[in-house]
Structure formats: C-alpha cells, structure tokens
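In the two assemblies presented below, chain A is common to both, partnered first by chain B and then by chain C.
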Partner chain A sequence: MLRLVSAASKPSSAGRLSRVVCSNCSATIGRRTLASTSARSADITLTVDGKEVTVPQGSALIQACEAAGATIPRFCYHDRLAIAGNCRMCLVEVERSPKPVASCAMPAMPGSKVFTNTPLVHEAREGVMEFLLANHPLDCPICDQGGECDLQDQSMRYGSDRSRFHEVYGKRAVENKDLGPLVKTSMNRCIQCTRCVRFANEVAGVEDLGTTGRGNDLQIGMYVEKMMDSELSGNVVDLCPVGALTSKPYAFHARPWELKNTESVDVLDALGSNIRIDSRGVQVMRIQPRTNDAVNEEWISDKARYAYDGLKFQRLTTPLVKDGDRFVPATWEAALQAVADGLKRSGATGDEIQAVAGQLADTEALVALKDLVNRLGSDNTALDGGRGAAPPVAGVDVRANFLLNATIPGVERADAILLVGTNPRHEAAVLNSRIRKSWLHTGLEVGLIGARADTAYGYEYLGDGARALADFVAGKGTFAKTFQAAKRPLIIIGSAVAEQEDGPAVYNALAKFVEKNKERMLTPEWNGFAVLQRAASHAAAYEIGFVPSKHAAATRPKFVYLLNADEVDPAAISPDAFVVYQGHHGDLGAQLADVCLPAAAYTEKGMTWVNTEGRVQLGRAAVPPPGAAREDWKIIRALSEVLGVTLPYDDVLAVRDRMWELSPTLVRYDVTEPTSVGVARAGLGVLAEATKSTKVSGAPLARPIANFYQTDPISRASVTMAQCTRAFVRGEDYDDAARATEAAFG
Partner chain B sequence: MLAARAARRAAFAAARTAVCPRPLSTSACRRSDALFVHRDTEYNNPKIPFEFTPENRKKAQTILSHYPPQYKKAAIIPLLHLGQEQLGWTSISVMNYVAKLVEVTPMRVYEVATFYTMFNREPVGKNFVQVCTTTPCMLRGSNEILDTVCTHLGVKPGQTTPDGKFTVVEVECQGACSNAPMMVVHDDFYEDLTPETTRRLLDAFAKGERPKSGPQSGRHTSENSAGLTALTSKPYGPGEHCQPDFQ
Partner chain C sequence: MSVFRAGADALLRPTLGRSLAWSSRALSTEASDVKPPVEADKAPSEIAPIPQKDVVTADVVSGAPAELRHRAVRIYQPTRNTMQSGGAKMERWRIDWDILPGGGRWENPLMGWASSADYMQGTRISFRSKEDAIHFAEKQGWDYYVQPPGAKNIPPKNYSENFVYKPHKLRIARTK
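Coming up: the complex of A and B.
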C-alpha cells in the first residue's frame, strides 16, 4: 500500500528536527509544524515503463515506480522516514526532463512518462555507485552486514569490477563512535545516507545524533562523546544499508544465510511486537522486527531485540526437587510425584491451593492451569507482582475495562492524550514512538499525571496523583480545556495504576469522566478509555478470568503453584506452604520452590499471546526447549493426571478448543475486536460502582519500571541487558570481561 | 621557490613511500585539517562557562528578533559569529550556549559549526591570518605570499606561533580576486600584496598595530593600476553644449 508523503515529512521546512523535548515548554513553543496532515486528495495517473499506474497525489515518484512493479535501487529513501534525497541511487529518467531525477525526492506528476530501465538510467546509477564505492572499504569478508547489505547487493547490479579513482591519500578514514553496548560502528563503511540520523531524530527522539563536517569529510556521530541512549536504538542497525552500524552482541556470530527464520511474537512487553527469530541449530542467534503496520510498524524495542542471550543463561533444564537445602535433579515422573505428595502433605484444600501466573505465561498454560486448579476445588488464581493476588480493580467481565481500546494504530488518531500513571517509553517503547510521531506531525497535546518522565515528546505535567486527576476532571488548567475541546480524546491508564494505593480512586474518577463525556469518548468509532498493560500475559489472564475470587484472595494458601511467576513477594508465601515453580529461568520464583519444573521459553513454543489491545497472535517455536524442558500446558496436563484430575485435552488443538469455549476471541488471530459502546459503558458503570467508596489518599502514582532493560527473568539473565543497565541506567562503563562468560549451553 | 604547499605535499609523499614499502596496501588515512569530533581538553570542555557580555546579549536579542519565533534556529549562524567575536574562537561552551538560546538540541548547533570552516573550533592566535590560495590569487602569486607569511612567522599553514600572536591558514576565494593576491587578518582584507608589503603588515600586527586595510599597492579600490585609460577628458559640467538660453 502506498503511504502519503505529506509536505510535513520533507525535512526542509518547519524545523521538525529541532524540537526541544522538555516537559514545560510545550505550551510556549506553540505549533510544531506548519503543514499538518496532508489532505488525501485525488489520485493521479502516470506512466512508468509504458505501464499506467494510479497513485495518490503527493506520492513520491519512487512509490509510483514501485506500484508499477519496477524496483528502484535506493540507500537513503525509507518508507517511514523523512525524505533526504542524498544518495542519488534512485535516479530514473523522466520524459522532457534534461537530467535523470532522484525518484525519491520527486513528487509524482500526473501524466508524466517515467523510464526506469534505459541506458541513461543504468549509466547514471553506475556512476553513483562508483562514487559511493570510491571511499568504501573493501572489507566485505569481515563485515557483519555481508549477505544482507544493500550496497553489496546493488553493486552486483550497478557496480564495476574496478575503480577509476586512485586517491593519492588513500580512502577516507573515519573514526568509530561508541554508541553503547548495542550498536557497533565501523564508520569507514558509512555512505552518509543519514537514515540513522533521521530515525534517531524523528522516531526515537534522540536528537543527539547528527552529521558533522562537510563534503567528503561528513561523518555521522554525536560530535561529543556520548552513547545513543534510546529504547529503540537497535533499529538503526536494520536501517543502515551498509555495515556501518551493526549489532554488537551479534558481531561475528553468524552469517544471514546460515540462519533459520521463524516468524513469532515478542513477549517482553505487552505490545506483541512482531519479530523474526533467527536461529542456528538450537540457538537463537538474533531477533529482528517483522513489519506489521497494525502493531509495531517496523520497529522493536532494544529489549525485544537484544534480550535473547538471556535465553542461554540461568535456564532450568531438568526437573529439580528440593532435598533439605539443595535442589536434586529428578526425572519427570519423580518430580510430578513429588508435587502430588507435596500437595497431599500440605493438606491444602479448596482455595488454599493457589496458582500464580507471571508475565511470561502463555495463554494455553494459563487456561490449563486455571482448569487444573478449578478441578482441585480452588478459585485462587492470581497474578504476580503488585496487587495480583487480589481481584483486579477494573474487573475482568468486560474486555474494554482492561484493554487498550483505541488500538495501537488508533493512538495516532487521538488529538489529546492524557497519560495516567504510565511512562509509555518504558512500558511500551514502540507505542511511544507512535505518540511521538503524532506529536510531531499533528496538533496532538499530551498531559501526564504520575511520576515525571522523559517521554521523547513534550507534555503538560498535571501532577503526581489522584488530586491532580480530580482537578483535571473538574476542568481546571489549560490541558483540561484542550482535552474538553478535543475531537478524539484518549486517556491511557498505566497498568501500574491498579497496583497503587489510589488506584481504585483514579479508576473511579476516570470511569465517571468517560461516562460524562461519552459523546466524544465512547462512540462506535472511538473509545477513549485505554489501559496500557505492560506484561505479555495479563490481557490473556484477564480474558480467561485468571483472577482470584474475593473469598479466595482472603485465604492463606498452603500450596502455591508458580507459573513463570518471578515477581512474587517471598514474604507473602507462608514458610510451611509447598511451592512449585514452573518456568524457564532460575530466577526468584525458582528459589522459593520445593519443586522446579523446567518449561520452554517463548522462542521454544508456539503459543498464543494476547497483547494490550486484545489482539491475539500466535508465536512460533524457533528452537527446541533445552534439556528436559517441556511446553507449559503439557507439563500441567501431565501433572493433572498424577493428581488424579486429568484434564480433557491431549493436543494443543484441544486446548485451543477449550480456549474458544472460554472466549472465542482467543482463536481469532491478528485482529482486534472492538467492544460495543453499550457493553463498554456498562463495564465502566460496574467499575465506577465497585470503586465508589474509595478515599483519595493523595499518594503519588509511582512508576512501575525503574530499569527498562531488566524487567523479566529473560532480560535479567541477559548479559547484553546487564551492560545496557550499566551504561544507560547507572551511567557506568559497560565494557568489561562479561563477554568472557558467554560460553553457554547448547 | 617551492610554495609551502608543494613542500608539504612532497614531504607527505616521501613519508608515505617510506612508511609503506608495499604498494598494494596504500590506505594512508586521509583527513581534512579539522577534526569533526569534539574531545574534552583543559581549554575546551563543556564545563568552562560561557555567556554573552551584556552588550552582546543585546545584540543577540536584535538578531533573534529578525526571525519568527518558530524559526529561532535560523539565528544559529549569526549567534555563533557573535560568540566567536567575543571569545576569539568557537568553543564547545559557545555552541552549547547558542543551542540554549535558540532552544535546539546542541547537536543541531554542532552540525552548523562543523559545516562552516570559518568557525574556529580550536583557539587561534591574536591575529588570525587567512591567506587566499584559490586560482586567481594563485595566478597572481599567492604561493609566494603564503610562503612569505610562513617563513616570516616560522609556522606552517594551520599552525599558531609559539607566542600565540599569529595563526596562519589557507582559505578559498574571499571574493577579492580583483585585488589578488590577498589575505584576511581579523575581519579586514589586505590586498595587492607583495612579499615586502606582507612582511611589513605582519610586523605591524606583531607590534599590536592595526595597519590600514585595503590594497597595499597604492590603489584605492580595484581601479586599473596603470591609471585611467578611458573617460580621461574632463566631464562637461552642467549646461555645457546647451542653448544659450539654458546656460
């Protein structure tokens, strides 16, 4: 599909690159672009290589050529970035134009005749290629980009086998930059396409990357010594058409043609970014984004991309049974028997049997575990972290109460956003880039209640808690007025709000506010009440009702089954309770356990994940689970047999039938199903009713994620993420002997 | 006589052949004379404070008032100039200060400051001598002038004299070709140079004087040095050749 290239996306005017991100200047600076959204006007028709194509007016010529099926070589042009027009590789011939034109920087004109395959075009492109290669080092054999390098590929077509340039002083030499533990630089290879600069400035909001010098000496960098501190920095590795920016953790590990590609879904935040897992043998070698305009566009966060090395460390590979103060490896039979014995010995009955699910639990496992626990006569299914052991504030009966109803692409349509108790930059980095995009190009106004944060866009700070919200609801302050006037206002509520003291009060105020403004906030086209989850499992858990009943929440459990639950509070588990941990990492949960059951991580199983907008997506297994580890639902199924309450499913399809029984949306893949206005209103009504008697304490809404790089067992086990923590969070020197420990299993 | 440039080049070539005897791997690194990254030094680091003097602050306000508020960043170049005028060179603190004034991230200012060669990102001597060596000046003997400057001061292009009085650089065309060869000291043009006048000028600067700028050959501007060749007769005054009535 063609995208419109609006006037605003040209880098020339309006100073969009120069936006200062500061929390309190948004009001003073005024509008951020002169040209806002380009109106979608009529289509135009032109001829490319004798073929007629029709494209929307305002398309670039290169898009028209693509539409006609002509491939245009390019380096600097990228669909999602502003147009730079500085590599000149995309030259085409246009009738009655004296010179070849750069098709990416040229708007398509109605009736023009374009030729992409003439001798003139070839000669022009060959000339450009010769210039590009004049200073490019001949180091393909030792370059990590080899095999997926645009320059390499295009020089096969347009390159000459020798150069006519013989520089007396040799090729240009440029010093490498230290961008941090993620991005490795070989700046000699840079062809100055400035894609990385445009990405950093427009999408990631790191306005420190730029070009210094001029002409032949132009180089990419930050001028001062500085690292690229962004949650999205890994994307410049994909964008760089040559090997100037490559992945540091992946350096010299594999060649692209050795890798098996598996299309899957990321689970390290709740966005469900689409990823491609590249594996060799039993090892995940790297993770790359997959394009999905409805979710992550083309980007993924650094955690999603680089935490994979955590899959090699700290893994549980065999069942373990605690014997005194140490774990003893056991067979599956022995371990499952030990669980059955433990359950009997603990004497737990009814709600004293508790199941706790963590962030990384997949939907199939949640369903199986809930069924198992229910069959044992208990309703005590809880989530870890925060107040997961209590029934959730927003309730789970209406989906609209716990989902990001506006959907991820829909966030871009909002013209006023109020963030409550959330910093999307850490909780959903890719979503944050959408907000930034909209903030840059449209008149979006953002307000924030909660802990102050560097969000990569300007916002109006309203206060730190429920009091500020009360003022906002009462219409005090400029932002409240803007919000009142907005056509598509959106309130994004952080998942952490429900875990805080004032959570119920905040929910109460918001539910009432939305009800009051229902003509704008709850229409068939727009639902402005959005909850941003931060754990991959939570939307699914709420969907299937993996929450405790009131009675169960008040019971002191004697038998605790931790499913990937590593955020549990050890003090909340009574010392004489029998604890089982099922999961893939020896993190906190495993330390508390009496029996550990090794399970597969997300790259090792093909399971269902529900993201924060309720989109159901299937992950796929890229590599086998290590050692004796098994898929989660299978472990639970096997255990049910030992416990004498056999679950009625023998294969994953039967589990999915069961999921369909619980909620049909769980088997409708890749779509979001909007909640109807009536149901959403009823849901908010129930929510307002349930929270009506809460008092406001005025406690500030705390931020849930202090360290973006380490939020779950996988990223905590990752060396790369530990380096990022050192470099970006603590500001220490990150490069040490940590690499030496990389000898891993498998 | 060999121009300093040619000498430099020859020395380079000699060094190159001496260092790498194998002709196949000749990737001696090619660098321009300025470094396009910043390294903190004692005299140039972001901790050194910089601020406009009160009168420069007023000038800055005037400059800023020339641009609409959303295009404040258009004032980067004039403000950098003002900073350079005040400090003598453009330190990292000057750039950071300007960035703050026009409300952009410092990188946007670094990009401008590194793009234009006239921003000196390293300290320069009290007298900044820029000798033009572009073609017209070269044809009129700028090599000799550069040579004279260098030997007289005992430095190479790009260097500063040990006493900190002079920095010499080569520059491209300054737009004064009609009075070639020329050099720029401070912001003044010294034109129609010969080795003698050049030396005289340098000596004057060394003493702290400000010699008269402009052509040093006795010309006023760029008129023909051989005197007028046309329109030499006296121009007729008002009324001449008119009817007597009008006289």
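Coming up: the complex of A and C.
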C-alpha cells in the first residue's frame, strides 16, 4: 500500500505553475506604470519547451521557465536578491538567438520560444560547470555543505568526471576570512556567485562586504580585517551555494541526511519567524529558516538560528525543592505537594497569590495558569520585566492597542515610518530588513524618537523623548511635514515605551495624533498605529487578559508563581513569600524559587504562539524534553488537582477549546485578523482617556535591549551567543583557542 | 481523483463488505448499525448536514495498535530547504506524527545503540495532493491537522533594476 502511494506522489508542475502566476498577478497590481489607461501590469505569454506560460511583464526569463515547470540550474540567481547574472549556469536557448542566453539576466519577451533541454543548452552548461570545477577543491568528503550543496547536485548532471586543466601552480588558493563566531569561511571553495555580497548589501545593510580583484583573482571579503557585524549574518550560510560559507557552531556536527526536520516557530523575538528545527536523536543540531512570505520571507536572525546550543546547558531536568539553602531533587508528586503546602503555609489568599509569566511562556500555559490563579480567587496575573506587574498603559480590551496592526508585510507598503522608542534592528531583526528593503526601493522616509541607534537605513532623528514627540505632533520639522503628506503613514511604537516614565504621555499624544489624522491612518485598508512587541508571549498574554487588575497590582503577594519568568526584580518579591518557578532553564527565576518545576523548551512542545501582529502560529515539538520535564500546561493542570481546584481540561485539544472561548482568534492559525476601524478608534479613545492626566517629564526613552545576543534564558545559556556578545557587543577576541586550532590546519 | 485512489478503490471494493461483516460479528461495534441519516426533520436549516464519509476505517482489520488512533497526524507541505536552490519534494503533502511525549530515546546499555519507544518516530508518508493525504488519514481513522501552505509572493525581477535611475539621494553603494 505504501509503495503504491509513494509511486503515485510524483510532483506535478501544474500546481506550481498556477500558484506562481496567481501570486505574481496579485503582487503587481500596485505597481505604477506610465500608461494612464490601466494601472494593471500586463501579462505576457511565451513558450517554454513547447508549453505556453503566462507571466507578468518585467519578469526574468528564469521566472518564466520556473512557472512552466522547467528546472533551471543556477548559482547566482536568488529569488530575494538582486540579479547579478555572473555564474552563467542558467543558460537556455532562445529561438533566433545565435548564442545561449543567461535566463536570469534576460527579460521574458512575449511570443519568444525558449528551450531548456537541448544539446546546445547542455553543452553550454557543461562548459560553465567545467570552469567552475577547475578551481574548486575536491573537499566534498570533509565539507559541511556536502549533501545540500548546489554545486555537488548540479555537477551530478553537468560535471565531467575528469579535468582538462593541468595548471602548473595548481588550483586557485584564497586566504580564509574571519567573519566572526558564526560564519566559517573556506574561501578556496568560493565560486564567486556574490549572493553573500548582495545579501549583505541589500538585506542586512553591511555595505562593506564586497569583492576585490577581477577574473581569477576576484575575492570576497570585508576589504580590511573585520568581522561581519549583523544580526542577519547567519543567512549568508544558507545563501552560499557551495561550502565557502558554512556555520561555525555546526561545523562537522552532522550531515543533512541524518537530521529530522520539524517545522516550527521561533520564540526568541516576537516576530514568530518560521523555522525548521533539524534534530538528531534528542538533540537539536541546527535551526534553519522556513520560507514564509507573510512573516520572515527567507531570513531569520542570528539569535533564532544559533541560540539552540543554549538548550543543552543549564536545564532543569528534575523537580527541585529547596531545603535550607540548597535544592534537593524530588519526585513530581513531592514537588507538587510542596507547592500545595507552601501555598497553605504562606497564608496567601485572594490577590496575594500572584502569577508572573515570562517571555517564553506559551499560550496554552498562560491560559491554564490564568484559569488556575483565578480559581484560587486571585486576579494578580502579571508579566515579568519593566512595569509588567501593573496594568498595561495601552489596555488589553482592544487588540489594536497592543498589536502591530499594519502587519509585517504591510510595513513595506508604508511611505513614512515614525519609530518611537524602538530599535527594530534589535527588537525584530527580520522586520528591520523589510524596512530597509522598502527604504532602498521606494521613497520611504523614516523618523526616530528615542535613543539613537544604528538601524540599517537612514533616518531623521527627531529627539530622545516626549518633547520631541510633541514637536512632531505640532507639525514642526521637515519629517513631520513629510509624514503629513504621506499616503500610508505608520507609527511603530516600541514595547519598551509603556515601561518608561513618559510612556503614558507618549501613548496619549500618539492616540490623539492618530485620531486627528484618521482619514489617512485609520482606514479599512490601513491602520498606521502599530506596537512592536519584543517578547514572544506578550501578545498572547494581552490577548487572554493575563494582566493584573488595579487592586491586584497594589497587593503585596505572599505566593508567587513564576512561569518562565526570568526578568523579575528580586527586590520586588518579599523575602517571606513562597516562590515557585516553572521553566526550562536554571536562570534568575529558578534562583529565587522555593520549588522548581522543570518544563519543556520551545523545541520540545507543540504549542500556540501569537506574534506581534496577532498572527497565531502552531509550533511543533522536535525532540522530547530532557529528564522529568513536562509540557507547561500539563504541569499546571496536575498542580491544580493537588491544590483542589481541578482545571476542566485533560488534553491539549480541550485547552484549545478553552482558548477558543477566550478568543476565537487563538485557534485560527497563520492568519492575522484585522481590527475594524470603529473598534480601533474606540480603543484609541479609551487609551487617550486613560492617559490624559499624565505629565511630560522629558526623560529620554531608553532602549530596552542593550545586547541583542542575550535576551532570554536560552540565549544566556548559549555558548555561541556568549561568543557573539564578546565579538560584536564588547569588541573582544571571541575565541582565541579555536582560532589557534584553525590556524594550525590553515 | 488520483490514479492511486482509483486503484485503491478498485482493490478495496470486494473486501469492503467482508470487513464490515467481520467487524459486526467480532466486535459488535455500532459500525454495522450505522444507517444513512434519516431525514425526519425536513425543516430548512442554515446548517449544512455533515456529509456521510465514504471511507471505512481501516484499523479494524489493519492490526495497528489502538494507541495510534489517539495520536493526531499533521498534514503539510514541507517547505524548500533554504540551503539549496532545488525545489524537489516541495509539491508533496506529507503526513507525520508529533513526537510521543515521554516516549523519548533509550540507549542500549550494552552497545550504546539508541532506540525509542515511539514506534512512529521514523515514519513519514508523502502524497501527491492534500486530498489524497486526508483520504488516507480518514481511512486509517487518524485525527489529522492540515497545515495550509503559505502563499508565495516573488515579484517580477529584472536585471535592469540594477541600473534604474533613482531621483532622490543614493541610498545604497553596491559593492558587488
């Protein structure tokens, strides 16, 4: 039966054709053309290998060939980078053309006849491959790219089994470059496709990665001895079609065919980048991006990609109960009983029972914990860090008040962006690359209020706090005028704004400003009020109302339940309070605890995550949790039974039913639900009313993230992230020992 | 309808009645008592009736462990490996299982070989279309979750874009 199925599941090109054509059509509707009669770009029809195909005008020939289902080998062409046209591998034959043409650099012409599978084409590609292989070392057995190398794959078809080159001096030799603790270089293998250069130039904004020399002497490098300092540098490893740029932490650890792929969601920032977790046995071996045009395109930040080694260190594997000043391992039964006894002993009642959720808490656990605490008679559900223990400034009654309403792809449509108290480069690195893309290709203007930051694009600096915002609202300055004239203006408010002294005043000014400009900022198509969260759990926490009531926030808790909460202020917890920590790492929260309950990390549980735009995504477990660790909501469910307030769900589907009761969006996956204009306006009205009596102190809006590489317990436990901190944040030598070893193998 | 399903239907048809009869005799489940929905209430309703499924659960005769029915499968289209430019196997729809919580890995103390209590950990099945995958899951009696594929949005690209005149201040210095 199974054999029958796999034999029948040959890929068909029809599906791909229709999808590409349709998506291209929709993507080009907004393009401006010179023709005054029609704003729609025309489609053109051509023939590829005898098959008629229709593509939008202005497409490259390689796109037309792909749409027709013909596979074109390529090294330098990449869907998300500018076209270079320098590898010549994508040669095809076009009728009435004397020579084969590079299909990436040739526009698709209506009515032309293209052949991708003729002897001429094969011979031409074999010639190109021969030149590429002439200088490529025979490293495959010791090369980390082996098994997923484009050159290896394509040489199976177009490569020759022997060489006609017998140079006296041997093959070209190039010195390796030191690009930092993430990207390992082996420059002999480079085929000069320049994908890394184009990526660094266009997407990452590192404009000093480039080429020097010509012909055989062409080299890729930073011109001077320098590391590649970018939050997206790991993506050049993916882009490199050969093994010239490989992953340093993953070097010689596994081969791709040994790995199990699990498609999941990243939680180390609030974007919810789609990732693929590659695991072997019980270990996560690497994390790769997963293409999703609605969220992260094809990129992920270095923290998402390389913090996985933190999952191996500092883990809580068994329940721990504090005895005197040391932790003693306990059984689950004993630990849960200790929690119940502790609650009784602490004498906490009502709002004195506090639950604090951290950045990495999943939605199911938040719902279960809120239900548990509410059943114990408390409303004291807080978030860690900043002013999480107080009711949030923006309120949680209207989701438009705490979400990135413009959506992540929508940010590209904005023609003026004001950043308030945020540095998207550190808070959402992939979103930052979208802003850069838009800034490069359209006339986007960016303004910034808050601490100065090295974003990857130019901006007009308006000032450091609420005073500058008042000037902006009053229309002073050139950027304010640009903003007034913009058709799709966008204000991105950092999540840290609410945590600062002037936060309410800033929110008040912005809410009023949006209301005043509602015909441009609040329309059915466009909502220009966007809050950029930086913690994966916060959008979900606000969505389910995991915030304290005013009365609860004023209570001094006697029993504190920390759910993944590691940003808590130890001074805020009274010494006689009973503290329970539930989480996966022995970080700050666990130090404060009287009982530690080991839970699963994000790679070990298939839970729901809500990103900053309100997109609900389902993660997936790749490996089992270590030791006695369990999924978070199960721990809370078990505890509820010991505490005598049994929660009414026994499996994860029942928890999701409960989530549906709280907010139906929590079970609608992979979509963003827009807020209607009326509701969004009402929300801003409530916000303006609640913050109207605040005074401006003029204090500068501080940046929340000083060190991009270490923001949560996983990345703090990661060796790679510690090396990045040394190399990029402190400017120290990141790994003397490793460099000495590498030099020895030279 | 795929070739496979046509073939499978043709293969299954003679055995269908037999398996039903067997199940009613040996297990006396309600399967044999199931009658087509009686349309007693002819009143017009906003809610469309759930159509009767045309598949018979295979695990009555397949001998698969009963626990398998308690594990949901995910039906999804694997995305392209970002390390490679080829798009092979992207068109397929895959069924695989979530890991068994607590069914982790076990190491043989003698040889150090690793094994697992999860009997589905190495299994994944590919189908030509989503419908085929759903049909298969229904036939096996598995709960399934279909993850919709993301829409692809690659704008038309052109070599000449590298040389287009930009009216405002130059924002990029190309080093390629």
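What we mean here is this: the second predicted complex is superposed on the first by the 695 of 746 C-alpha atoms of A that agree within 3 Å, B and C clash if a C-alpha of one lies under 4 Å from a C-alpha of the other, contacts with A are read in each partner's own complex, and residues count from 1 in each chain.
Definition applied: a residue touches a chain if its C-beta (ideal position, glycine included) is under 8 Å from a C-beta of that chain, and two chains touch if they have at least 3 such contacts.
For clarity, every value in this text was computed on a predicted model and none was experimentally measured.
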Q: Using the touch definition from the top, say if A:Glu167 reaches chain B (first), chain C (second), both or neither.
A: first
Q: Pick one for A:Glu207: touches chain B only (first), chain C only (second), both, or neither.
A: both
(Q) Looking at A:Glu225 after the superposition, I want to know if it touches chain B, chain C, both of them or none. Which is it: first, second, both, neither? (A) first
Q) Does the superposition put A:Arg74 against chain B (first), chain C (second), both, or neither? A) second
Q. After lining up the shared chain so the two structures overlap, which partner does A:Arg198 touch, if you call chain B first and chain C second: first, second, both or neither?
A. second
Q: Based on the superposed arrangement, let me know which partner A:Gly146 touches: chain B (first), chain C (second), both, or neither?
A: neither
Q | chain B versus chain C, judged by how many residues of chain A each one touches | A | C
Q.
So chain A touches chain B in one structure and chain C in the other; where do those two contact lists coincide?
A. 15, 20, 207-211
Q: Quick one: which bits of chain A touch chain B in the complex? Just the residue numbers, please.
A: 14-15, 17-18, 20, 25, 29-31, 34, 167-173, 175, 177, 207-214, 216-217, 219, 221-225
Q | Of chain A, residues touching chain C in the complex | A | 1-2, 4-6, 8-12, 15-16, 19-20, 23-24, 26-28, 55-60, 63, 71, 74-75, 78-80, 82-85, 104-107, 145, 148-150, 153, 194, 197-198, 201-202, 207-211, 237-238, 241, 256, 261, 263, 274, 276, 281-282, 288-294, 298, 409, 439-440, 443, 457-458, 606, 618, 620-625, 630-631, 669-670
Q: Show which residues of chain B lie in contact with chain A when the two form their complex.
A: 12-13, 26-32, 34, 36-40, 46, 69-71, 73, 92, 103-108, 110-111, 114-115, 117
**Q.** chain A contact footprint on chain C (complex, rising order)
**A.** 2-4, 7-8, 74, 76, 78-93, 98-105, 114, 125-128, 132, 136, 145, 147-148, 150-162, 168, 171-176
